[in-house]
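Letters A, B and C mark the chains as written, and numbering starts fresh at 1 in each.
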Amino acid sequence: MRTNRIWSWLFVALAIAYFALPLIGTFEFSLKMRRAAYSLDAYAVVLGDPRFQQTFMYSVLMALATIAVGVLLVVPTAYWVRLKLPHWRPFMEFMTLLPLVIPPIVIVFGYIRLYNTSSWLPLTGSAMGTNVLLMFGYVVLALPYMYRAVDTGLRAIDVATLTEAAQSLGAGWVTILARVILPNVAVAVLSGAFLTFAIVIGEFVMAALLSRPAFGPYMQLLGANRAYEPAALAVIAFLITWGCMALIQVVSRFAPKPPEQLH
Amino acid sequence: MADPFLSIQHVEKSFGATKVVHDFNLDVEAGEFVSFLGPSGCGKTTVLRMVAGFEEPSAGHILVGGKDITRLRPNQRNIGMVFQAYALFPNLTVAQNIGFGLRVAGASRADIDKRVAEMLALISLPQMADRYPYQLSGGQQQRIALARALAPKPKLLLLDEPLSALDAKVRVSLREEIRSIQKELGITTIFVTHDQEEALSISDRIAVMYGGKAEQVGAPFEIYNRPATRFVANFVGTLNVLEGTVTDASAGTVRVASQDVALKGKLDGSRTGDTLSLALRPEAIALGARPGHDSKLAGEIADVHFLGSVIRVRVGVGGKQISLDTFNNSSTPPPVVGDKTEISFSSGDVLVLH
Amino acid sequence: MSFAWLGVMPFLLFALLFLILPTMKIVVGSFQTNEGGFTLANIANLFQPSILSAYWISIRISLASALLGCGFGFLVAWAFVLGGLPGWIRSPLLTFSGVASNFAGVPLAFAFLATFGRLGLVTLILRDWFGINIYGLGFNLLSFGGLTLTYLFFQIPLAILIITPALDGMRREWREAAAILGASGFQYWRIVAFPILWPSLLGTFALLFANSFGAVATAYALTGSSLSIVPILLFAQIRGDVLQDPHLGYALAFGMIVVTGIANGIYIWLRARSERWIK
C-alpha cells in the first residue's frame, strides 16, 4: 500500500509537470512583448484588435445558435427514444458516436461538395446559407456530447411516469417537453451546452474551409504573422475553456441523483 | 484444554482517532463454527478483516495453529473467505473462479480440473462449470464463492454476511448447506451475521458483539437462555422487561406494577428498596395458570397477532406491555382484546438484570 | 404497425443530410471520374510515395499518441482512483482533464510553441540552466516526436476521463478475494483486473486514435503546411493550394474514413471477443 502511494504521487506529479509547463510557458511568453519587462501589452493588442472582437462575437453567436438547435434536436429525440423506442438505443448510440469516428475535415469536405452553388441545395451560395451550414456542422460535432449528457440526464428521472402524470393532467407533447422534461434535464442540457460552447468557440477546420470569419481561423492567422499575441490568445482561449468546464461543475451540483444502480 | 486453533488476543483497531475494536479476545477450536453476531457497525467485519489480513490491528496478536500471523500479508495466510456479495470474478467462468486459488499457486491443469469437479459436486452444481457469474442466481453465486474459497484447502474459513443479499428462502437453505459442508470438511469457520436466528441455528458458539467488544461468547443455548449482559439479553430474541422494586430481600419479593411477585433465590446481593429489571422470554409466559409456574401477574389483553401455529399476545401489565406466545389450538378461540387476564411464569425463568 | 418512429424523423433527417450523405458523397466520389463514371484510378493515385508517407506518418503519430495517451492516462487515473491518494485530489484532476481534453486546436499549438519552440520557456531553461540544447540534440516540435508530444496534451486527459469510470467499477472485493486466494498483485492484474478493463482500454485507444488522426488545427497552426500528414494534405487540397485533381481529394478523405473505420472495426471485434462475460 505504501509503495503504491509513492508511485501514485510520482505519476500525478509527472502529469502536473507536463500539463503545467506549457501553460506556464505560454503565460510567461505572452508577457514578454515589451523588451525590458513583463507587460500585458500582448493582451492589449489582441483585445483591441477589431478583428478579434468581430470574430469572437461571430463564434459566440455560432455557439449559441448551435446550442439552441442542438437542444431542440437532441432533447425531444432522446426523450422519445427512451419513452417509445427503447430498442433503438443501440442504433442511436451508434449514430451519435459517428462524428467521433469520421474526421470533421471529411464531413466538411462532404458539405462543400454536396451543398455547393450548383447543387440541389446551394447552401454555400450565400453567406447566410454558409452560416447555417457551419452551424449544422457544429451540431454534428457536438452531437456525441450533447446526446450523451441528455440521455444520462433522462436516465436519472422516470420518463414514463412523468409523462403519464402530465398526460393525465391534460398536457400536450409540447407542454410535456418544455414544462416537464426540459426542467428535469436542465443540468444535463447545460453541461452539454457549455461543452458545446468550448468546442465551437475555438473550432478551426470547418470554419476555415467554409471561409467563415470565425475565431479559430483568426487565431491561426494571427499565429502565422505575430510572435507574442498568439500566446496571449492561447491564454485567453484556455481561460474560456476553463470557464466552461467550471460552469459544468457548478451546474452539476444541482443535478438530480441517478437512482441507485442495482448490480 | 488443547491450544486453540485460532487465537485472537487483545486485538484493537482504530481508524484515525476513532477506536472501533476494543480489546477483542477469542479462542476458536479446530473444526469449530463460531458466529459473530451484533448490530450494524459494531465491528464484526473489522475483526474478520484483521483475521484475513486486510486490516492491520492497532494492537494485539492473531495466532493460527500457534503461529503469529498478525503481520502476514493476506495472500500468505491460506485462509478462505466469502464476501457479502459480488465477489466472483466476472470475467472468469465458474470453473476458472473455483480454480483461481490453485492456478495462482501454480498447480497443474489436471489437479485444478480434478479439484474443481470435486468442489462443484460438493456444492451440487456440477453442470454450471462453464457459465459466467452473470448467468447465475445470487444463491448460486454464493455457493460458487464458497467453493472457490474452499478449493485451495484453507486452514480457516471466514464468511462475512454471505447470505444477507439473498432472499429469505434461499437464505435458510443455503445456511444449512454451509453448515453441513463445514461439518463434512471439519474446517474451522467464522461466520459474521447480524441475523440472530441465523447465528443461533448453525453455530457451535456465538460471539455477541457490541461497540467493538465481545459482550458474551457461548453456545447458542447459553447465549439465549443465560445472557450475561443486558445488551445480549435484549439483542438475542424478544425480551419482556419489567421494572420492579425489592420489597423484601430475604423473602425474595419484588413489587411489579403494584403487584407482589415472589422470586426465590434470584435476588442475591439485592437489598430491600433496590430497583431491578426483570426479563422474561415470550415463550416462558403462559396465559392463565400452568403447572410449574409459581408466579403470576394480572393484566389486560392489549393486542393479538395470529401468526399461524403460534399466537403472539400482548398483555398490558401496569402500563407496560408483555409479549407472550401461545400455540394455536383449533378448539379454543383466541383471546379477545380488552379481556382481563392473568399471566403466569416460573420464577426460575426470570432473568434479573442489574 | 406503430408510428412511434415518426418521432425521431427530424433527427434522422438531420443525420442523413449533415452526416450520412456528405460522407457517402465522399465515398462515392472517390470511385468516380470527372464525368461521373466508375474508376479505381483515384484510389490507385493514393499509392504514390508522397501520399503513402503522409498516411504512414499520420498513422504513426496517431498510434503513438493514442498508445502513450492510454498508458499515461491509465497510470494517472489509477493513481487517484486506486493508488491511495487523498480524496480531494480527484475532483480538480477530473475538472482539469475536462479543460485540457478540450484545449485542442490552434491555441494548443501556440502554447507548445511558446514552451518547446526555439525560444520557448522550457527550451531556454534547459539551454541556459542545464546547458542542454534540445534542438541541437535533434528535437523538433514540427516533427513526429514534437507533434506526438503536443497531441498528448489532449489525449492523456481524454483517456483519464474515459478510464476513470472503468476503474471506479473495479470492486474492492475482487482484489481482496484474489489476495486471500493467494494471488500476488501482479497475478490479480493479469488474470482479473486487466481483462476486465481491457474493453474500456481498447475503446479509449480507438477513440484516441481517431481523435488524433483527424486533427487538423493543432498541426496546421504548429507547422503550417510543412509537415505532410494526411489531414493537412487534405486541407491544402480542399483549399486548392496543391494537387489540382479534385477526385484525389475524395480519395484522400475516403482513405481517412477507411483508416479510422478499420481502427474502430478492430476495436469492435476485439471487444466482442473479450466481452463474452458481459450481459
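Rule of thumb we're sticking to: a residue touches a chain if its C-beta (ideal position, glycine included) is under 8 Å from a C-beta of that chain, and two chains touch if they have at least 3 such contacts.
These numbers were taken from a predicted model, which means no experiment stands behind them.
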More contacts between chains, A-C or B-C: A-C
Chain at maximum distance from chain C, centres defined as averaged CA atoms: B
Rounded Å distance between chain B and chain C, as computed from the means of their C-alpha atoms: 56
Distance between the centres, which are taken as Cα means, of chain C and chain A, whole angstrom: 18
Of all residues in chain B, the ones touching two or more other chains: 86
Touch list for chain B against partner chain C, complex: 52-54, 73-81, 83-84, 86-93, 100-101, 103-105, 132-134, 145, 148-149, 152
Of all residues in chain C, those that touch chain B in their complex: 171, 173-174, 176-184, 187, 191-192, 195-196, 276-279
Contact set on chain A toward chain C in their complex: 1, 4-5, 7-9, 11-12, 15, 18-19, 21-26, 28-30, 73-74, 76-77, 80-81, 84-85, 88, 92, 95, 98-114, 136-137, 139-140, 195, 198-199, 202-205, 208-209, 216, 219-220, 223-224, 230-231, 233-234, 237-238, 241-242, 244-246, 248-249
Complex interface listing, chain C residues touching chain A: 4-5, 7-8, 10-11, 14-15, 17-19, 21-26, 29, 72, 75-76, 78-80, 82-85, 89, 91, 93, 95-96, 98-100, 102-116, 119-122, 152-153, 156-157, 207, 210-211, 213-214, 216-217, 220-221, 224, 231, 234-235, 238-239, 249-250, 253, 256-257, 260-261, 264
